[in-house]
Amino acid sequence: MAGMTVIVRTIARLLFPFTFLFGVYIVLHGHLTPGGGFPGGVIIASSVIMLLLAYGIERTQKRVGFLQAEVLESVGGLAIAVLGLFGLLLGIAFLQNVFPLGELGQLFSAGNLPLLYLGVGIKVTAGIILIFYAMLFAFRGEEK
Amino acid sequence: MQRVLALGMVLAIGALLVFTVSTNLLPFGSFPMRKIGENFENSIGQHILENAPQQTGAANVVTSVVWGYRGYDTLGEVTVLFAAVVGVVTIFRTFRRRE
Amino acid sequence: MSLELLIQNALLVFLFVLCLIAIELKDLLYSVIVLAGASVSLSVIFYMLQAPDIAITQAAVGAGVMTVLFVIAISRTRRKE
Amino acid sequence: MDFNYVIAMLLVALGLYCLLLKRNLIKLIIGLVVLTDGIHLFLISLGYRLGGTAAIVSGEMFSDLPGFAAHAVDPVPQALVLTSIVINICILALALSLTIYAYRHYGTLDPSKLRRLKE
C-alpha cells in the first residue's frame, strides 16, 4: 500500500478531526440521542482507516500500532467486566446499575450506562482497526 | 437436476413465507401476528416504555433495553466481537509464518 | 395512500431491485458497490420506520466497513465471478 | 396485505436462492448479507406503530411521560436488531478471511472444488 495522490491526502487530513469528533460525540451521547457505542466506534475506526488508505500503511502505523490496538481492545473489555463487578461487590447482581441515576436528560445521568457505552466504543474501535490491519498485513507478504 | 431441485425448493419456501405474512393464515407458533402500524397493548414493549425512564434514567429507551434490561445479551455480543477479532488475527498470523 | 407511505413503498421496491442486481451481476466489484447502495436505502427505510439508532448503525456499517472489507477481499482474490 | 412484510420475505427468499445456486464464495457472502437485511426489515416493521415517534424522550415529552409511552414505537425489536448487526459484521469479517485463505490454498473460489486435498 503506497498511498494516494496529494489531493486525496489533503482532503483526508482535513476531514480526519471532524470525523473523529463526530464519533466521540456519538459514543458519549449514546444515552440521550440516537447512537451508542457500536456506531460511534465504527465511525472512529473509519476515520483512522481513511488516513491509513490515503497515506499508506507505514506512516500511519507509527501512530497506532498492532500491539497498541490489541492492548486497547483488552482495556475496553476489562472496563466492562470491572463495571459489572461493581454491582456484584455491593451484593446486588452482575451489571446492576448501582451509580446514582441523576436527572433525566442530563449528560451525567443514567448511572453506569454511559460508562459501559464508553467501554464498548473503545473495544469496537480497536477491534475493527485490528481486523483491517490483519487483512492488509496479509497483503504485504504477497508483494515481497 | 440438482439445480432444478434447489430452485423449486427456493420458490416453494418463498411462496410459503409470503403467503404466511400476507394472510396471517399460518401463525408462527402461538404468537399473535401484528399487522403493520397496529397499536399494541399488554406487551413487554409497552411495559418497558412506561417504566424505563424512571427505572434507568436514560432518555433513549433503546439504550436502557440494550445495557439495562438485556445486559447479559450485550455482554455475549461483545464476547462474539472479541472472538471474531481473535479469529481473524490468528488466521493471518499463521498465514504469514507459512510464506 | 399518503405521500410518506408512497415514498416508503417506492424505497422498498428500490431496495429489492438493488439486491437482485447485486446478486445477478457478474463483476464482483460492481456487485459490492450496488450492495452498499442497497444498504443506504435500507437505512433510510429504518429512519422512516422511526428507528434512528438502527439507521445510524446500518449506514455506518453497510456503507463504510462492509464495503471496505469486501473490496480488500476481492483485491486479494479474483474480480470476475 | 402488508407491503413491508412481503418485501422482507422476498429478500429472505432471494438470499436463500443466492446461497443455494451460486458457485462463488464471495457471492455466497453477499447472499448472506441480503438474507440478514430481510430479517432486520421484518423485525423493525413488527415494532412499528402508526403515527408513532422514536423511542427517545425529547423536547416537551420530558413532562409528559405517559403520553410518550402511548405514542412511541416498540424498543425491544430495535435492541435485538442492534445486536444482530454487530454479530453480522463479525461473521462477515471471519468469512471473508476464510475465503482469502481458501483461495490461497486451493486457487479457486468454487465451493464444489474445495473438496480435493492439496498435495
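So that you can tell them apart, the chains are marked A, B, C and D in the order they are listed, and the count of residues begins at 1 in each.
Simple rule for what comes next: a residue touches a chain if its C-beta (ideal position, glycine included) is under 8 Å from a C-beta of that chain, and two chains touch if they have at least 3 such contacts.
On a predicted model such as this, the values are computed, not experimentally measured, just so you know.
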| item | value |
| --- | --- |
| Contact-richer chain pair (by C-beta pairs counted) among A-C and A-D | A-C |
| Chain whose Cα mean lies nearest the overall Cα mean | D |
| Between subunit A and subunit B, centroid-to-centroid distance (C-alpha), Å | 24 |
| Inter-chain centre distance, subunit B versus subunit C - centres from mean C-alpha coordinates, in Å | 18 |
| Residue numbers of subunit B (touch at least two other chains) | 53, 59-60, 62, 66, 74, 81, 84, 88, 91-92, 95 |
| Multi-partner residues of subunit C (each touching 2 or more other chains) | 52-53, 57, 61, 65, 69, 72-73, 76 |
| Sequence positions of subunit D contacting 2 or more other chains | 4, 10, 17, 45, 47-48, 54-57, 78, 82, 85-86, 93, 96-97, 100 |
| Residues on subunit B engaged by subunit D in the complex (per definition of touch) | 3, 6-7, 9-11, 13-14, 17-18, 20-23, 34-40, 43-46, 48-50, 52-54, 59-62, 65-66, 70, 73-74, 77, 80-81, 83-84, 87-88, 91-92, 95 |
| Subunit B partner contacts - residues on subunit D that touch it in the complex | 1-2, 4-6, 8-10, 12-13, 16-17, 20-21, 42, 45-51, 55-58, 65-66, 68-69, 72, 74-79, 82-83, 86-87, 90-91, 93-94, 97-98, 101, 104 |
| Residues on subunit C engaged by subunit D in the complex (per definition of touch) | 8-9, 12-13, 15-16, 19-20, 22-23, 28, 31-32, 35, 38-39, 42, 45-46, 49-54, 57-58, 61, 65-66, 69-70, 72-74, 76-78, 81 |
| Partner subunit B, residues of subunit A touching it in the complex | 30-34, 36, 73, 77, 80, 84, 94-95, 97, 101-105, 109-113, 116-117, 120, 123-124, 127, 130-131, 134-135, 137-138, 141-142 |
| Touch list for subunit C against partner subunit A, complex | 52-53, 55-57, 60-61, 64-65, 68-69, 72-73, 75-76 |
